[in-house]
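Down below are the structures I want you to see.
Okay, so chain A shows up in both of these, paired with chain B first and chain C after.
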Partner chain A sequence: MDFIFTNKSKITFAIFMAIGLIALIVGMPHDAESNTRFWANILVNGFFFFGISLGTLFFLALQYATEASYLTVLKRVFEGISQYMWVGAITLIIFFAACSLHWNHIYHWMDPAATHEFVIEGTIDSAHPEYTNDATVEGAIENHHYDSIIAGKTAYLNQGFFWLRTIAYLAVWLFFVNLFRKRSLKEDQEGGTKIHFKNMVYSAIFLVFFAYTSSTASWDWLMSIDTHWFSTLFGWYVFSGIWVSAMITIVLLTLYLKSKGYLEVVNKSHMHDITKWMFAISFLWSYLWFSQFMLIWYSNIPEEVTYYMTRIEHYRGLFFGVFAVNFIMPMVILMSRDSKRSIGYALVVGIVIFIGHWLDVFLMVMPGTVGSHWHFGFLEIGTFIGFLGLFLFTVFRSLAKAPLVVKNHPFLDESKHLHI
Partner chain B sequence: MHQESAIREPLILGDKSYSDITNDVLKPIVGKADRSWYIVFGLASVMALWGIGCILYLLGTGIGTWGLNKTVGWAWDITNFVWWVGIGHAGTLISAVLLLFRQKWRMAINRSAEAMTIFAVMMAAVWPGIHMGRIWLAYFVFPLPNQFGSLWVNFNSPLLWDVFAISTYFSVSLVFWYIGLIPDFATIRDKVTQVVPKKVYGLLAFGWTGNAKAWNRFEEVSLVLAGLATPLVFSVHSIVSMDFATSVIPGWHTTIFPPYFVAGAVFSGFAMVNTLLIIMRKVLNLENYIHIKHIEYMNIVIIVTGSIVGVAYLTELFVSWYSGVEYESYAFINRATGPYWWAYWAMMTCNVISPQVFWFKKLRTNITFTFFMSIIVNIGMWFERFVIIVTSLHRDYLPSSWTMFHPTFVDIGCFIGTIGIFFVLFLLFARFFPVLALNELKSILKSSGEAYKKQTLEH
Partner chain C sequence: MADKVIYATYDDEQVLLKGAKDLVSKGIYIRDVYSPFPIHGLDPIIGVKHTRIAITAFIYGCIGLLLAVFGMWFFMIQDWPMNIGGKPNFTLIDNLPAFVPISFEFTVLLAAHGMALTYFLRNWTLPGVKARNPYPETTDDKFVMELHLHDNHDQSEAELEEMLKATGTTRIEAR
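Take a look at the complex of A and B:
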């Protein structure tokens, strides 16, 4: 049965988006100082939902590369979620453009004041002071805003290279989103095994590219907010976050589709398997969270520990609460086989840790931007709802565009007969 | 009913029946070992004896017989320890993680990989033991009450966490391995005719009857143990990595260590599995069960984990510059260009660059080449630990105490000794134990056996 994107759902999501828009419009003037809070909210949601589509693309490629069959019946759901990447990429580009145009100061390293040793004397009081690294320039005096650590990173953190990287990540990832989707639709028509075997090759290429760029993208987009700070594990930590968020979304969306009578071939064993993934990747995330936190806390080196000091001082409850919920809740509730096969448990845990992982992104962005002046107001909640509407609208639209279960996939029969 | 796609390759080659499997696996046990087994066993015993001699000399004389000095307080000892623990990861990964992932190709290799794991962990445990110098006081690593002596272990120390992590891992691996062996021991008990072996295997089989209830419990216990063992695969090497990463030594303190050590451990473990199984399948005529597809899968695991390790190396290198911390940057410049540059580049070549050749199907399905590569990876992973440990220590914060490390014959002897003991144990295992999980293999014969697969396709 093909999926129909009903008018009722369309209106609901349109209302969600309208709430988001209102929140953003109303929220902006409240936040006079370069709109940090406003833009930080865009980044949190822009990255979180983009990450879901990227994580789903990764999981899809992983299925191809490992010749996994058990989730073939859900392939269209994966494709549908990964299609959001187009919209997600646009939201991120808007955000980065705003940073580049200095509409906000989210990335300190973008500020020329931080990276230049000297300032031209006459221009200090103007709106756009002129900076230089050349002491011999006429009128050059010491720049008090100069930050030697940030300046030391300019070979990597500079606008040109940043944009080059960002465009490269987005272009290649989107290329693969499109490629897998097109080939999947083609397989429906043509059948055979040629497309399938070639998909394995493409997915391996994607996974290699992804292995590097998922780390560098998270350094560029998130770690560089706290420009001084560094952690080698950060990239993998962010990766585990987007992967688990993707798995949660897959579980929730599949539950929704089944509740509407779609995806009849998806049986309890499939639900068991995707919920098991949600459970397992929650552990991976918790493991990496703990590894990064514990090692920095234990060594207590000033350069590193500041990152957690800010979080513990100003976000204490939220910071430890998010870890506790995202770790303990899936562990305790989803440990047993029966609960992994139960709609109720999967739904409740899924919704709670979906929000939990949104808060995890919130905790990566907010302390380095708004710092101690953080809020949970209409702006935060409204923006989240707005982005959720945008996400669901895009995903539902792409689900409606193709049959909800693939045809002619060589593993389809194996997948339909899954029984564990 | 389970249905297998036609495009999946068979896992058991040839036209085998259930009794063929039993006979093929039992042949080395009921028959006589051939000359090659005695030659290899003799060689391994000589190495083991020399190693035991060196260890006794070390214990009698003191740690001073190693090449350690004031600056480099940890060198080959801890390198060997981490190397062996790492190798000990593949077995549990294969038996537990691949069981959870329902990977059937594991059934041909899990038994010997688990045996290898257990022997490797035993060899690892030798190192901290003899490093204490006074090994007869080794019980002080356990949290004993103060009345017992005047020391209480330091719970803040990752070295103590190691004691717990490794002993737990060892116990669970051993139990897991042994439980898998029980039905197979029962099969041997029923097959052998001599009186003494029948008694011994009967004892080992714990009175296994093979009724439905017993199988049911057997499978449930396997799943529970797999669930318990999976976090252990991660925890052991994570905690080993914390021995280094909780410190403030540049090159040691880096947050990526736990997952990167785990990937490296799986990498080296699979290389060792390849080394052992390529020989074993030949000597014991098990080519139909452990065939090129299995080796290809293992090579794919090697390329994946090798690449993860590669990403970690590059991340560390990049962040050492990005951090802007002078000590951190110098530690890495010194690794790559300092007096130990050769160790660093040996590690890079063996671990990151050379496994990339497995991208070519021709090479990853070539058995001779795979064997050669497995040795290269084993060497590379030894150098990785050497690089991390020695190059980070030998030039510390105080340039006046910079020095080099020179191994003595005792360092070398002890290391070669553990390799010898390891092979002695493995050879005994291959001679007296069912090296394939024959009861598990039988469960996939009809879905993944070559002859059966052909039959299904014809219908």
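Take a look at the complex of A and C:
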């Protein structure tokens, strides 16, 4: 049965988007502080929802590469979620452009004042002082804003290379989103096993690319907010975060579609399997969160602990609370077989840790940007609702464009008879 | 009257599965099935309940966690406060991150060993215990169904054997 994007849902999501738009207009920057808060919010939501689509694309590619059959009936749901990446990429590019144009100072390393040793004396009081690293330039005096640590990272963290990398990640990921979608629709028409076997090769190429770029993208987009700080585990931590968010979204969306009478072929065993993924990746995320925290806590080196000092000083309850909820709630509630098969438990846990992982991204971005001046105001909640509306609108629209269950996939019949 | 056991041997697990379905639908109680591998879908047919070993594993895990935390609290804080790398060593909560890996390891250790030992004890498959398998070939390529006369009062031995023959068994033996 084809999915119909009803007018009722369209209006609901339009209202969501309107709330988001109003929140953004009300919170529009009018001074330096709200500048940071406004754009940090865009990054939190832009990255979180983009991450869901990226995590889903990764999971889809994983299915292809391992030739897994059990979730073939849900393939269209994965494709639908990953289609949001187009919109998500645009929101991110708007944000990075705003950073490059110095509309905000979220990335300190983009500020020429931090990376140049000298400033031209005559221009120092103007709106755009001229900076240089050459002491012999006429009128060059010592720059008091110079930050030798940030300056030492300019080989990697400079605008040109940053844009080159960002465009490369987005272009390649979007290429694969498109490729898998197109081939999947083609398979519906043609059948056979040719497309299937070739998908395996494409997904393997994607996974290798993704393995590197998921790490470097998280360094570029999130870790470089706290420019002085670095952690080699950060890429994995962010990756596990987007993966678990993707699994939660898949579970919630599947439950929604089933409640509306779609996806009749999806049985309790399929629900058991995807809820198990949500359960398992929650552990991966908790493990990496804690590994990063404990090693830094134990070695107690000043340049490393700054990251956690800010968080524990200003975000204590939220910081540890988010970890506790995202770890303990799925563990205790979803441990038994029966709760993984029950709609109620999966729904409640899914909604709570969905918000939990949004807060996790919030905690990656906010301490390095607004610091102690953080709020949960209309701007934060409104932006979240707005992006949620945009996300759901895009996903539902792409779900409605193709049959909700694939046809002619070689594993379709096997998947329909999944029984565990 | 002493109980009598009827063993019916099958060459194919699908034949056994279909036969078991037929027999159960006629009200026959099948005590057990011996098979070289798990037969998918057999458990609900012959009425095998879900294993409770997961519950025991959870309990052993909880015991392991509590023991680990108690032990570390006693060794590292209460009995002889240890100063490692200048970390605070006066309360459990201050030191908790350092204790987490050991708590985790001990939880897994107790859960895994407890589960394995429970399994062996419950099945009584301990070193030196004689195997209770009626047909050793069920560990190779044969499938055996076990029926007890006591479980099936309504049928006589001859009737049961007649019903078993109809399911395509290759050998019937009563002991």
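By our rule, the second predicted complex is superposed on the first by the 414 of 420 C-alpha atoms of A that agree within 3 Å, B and C clash if a C-alpha of one lies under 4 Å from a C-alpha of the other, contacts with A are read in each partner's own complex, and residues count from 1 in each chain.
As a working rule, a residue touches a chain if its C-beta (ideal position, glycine included) is under 8 Å from a C-beta of that chain, and two chains touch if they have at least 3 such contacts.
Treat the numbers as computed from the prediction; the structure is a model and nothing was measured.
After aligning the two structures on chain A, examine chain B and chain C and state clash or fit.
By the criteria stated at the top, chain C and chain B clash after superposition.
State whether A:Phe411 touches chain B only (first), chain C only (second), both chains, or neither.
first
Touch check for A:Arg183: first (chain B), second (chain C), both, or neither?
A:Arg183 sits against neither chain B nor chain C.
Between chain B (first) and chain C (second), which, if any, makes contact with A:Lys268: first, second, both or neither?
A:Lys268 sits against neither chain B nor chain C.
Quick check for you: in the superposed arrangement, does A:His105 touch first (chain B), second (chain C), both or neither?
A:His105: touches no partner chain.
With both complexes superposed on chain A, which partner does A:His145 reach: first (chain B), second (chain C), both or neither?
neither
Quick check for you: in the superposed arrangement, does A:Arg397 touch first (chain B), second (chain C), both or neither?
In the superposed model, A:Arg397 contacts neither chain B nor chain C.
For A:Ser336, select first, second, both or neither according to whether it touches chain B, chain C, the two together, or no partner.
second
May I ask you to decide whether A:Lys258 touches chain B, chain C, both, or neither, giving the answer as first, second, both or neither?
In the superposition, A:Lys258 contacts neither chain B nor chain C.
Who does A:Gln292 touch here: chain B (first), chain C (second), both, or neither?
Only chain B; A:Gln292 stays clear of chain C.
Applying the document's definition of touching, compare chain B and chain C: which contacts more of chain A?
The partner making contact with more of chain A's residues is B.
Return the residues of chain A at which the contacts from chain B and from chain C coincide.
294, 298, 419
So in the complex, which bits of chain A are touching chain C?
On the chain A side, the touching residues are 290, 293-294, 297-298, 300, 335-337, 419.
Applying the document's contact rule, which stretches of chain B touch chain A when the two form their complex?
Touching chain A: residues 1-8, 102, 231, 234, 238, 242, 245-248, 253-259, 307-308, 311-312, 315-316, 319, 322-325 of chain B.
Can you name the residues of chain C that touch chain A in the complex?
40-41, 50, 54, 58, 85-87, 97-98, 100-101
Would you tell me which residues of chain A are touching chain B in their complex?
For chain A paired with chain B, touching residues are 67, 69-70, 149, 152-153, 156, 193, 196, 208, 211-212, 215, 219, 228, 230-236, 283, 287-288, 291-292, 294-296, 298-299, 301, 303, 410-411, 413-414, 417, 419-420.
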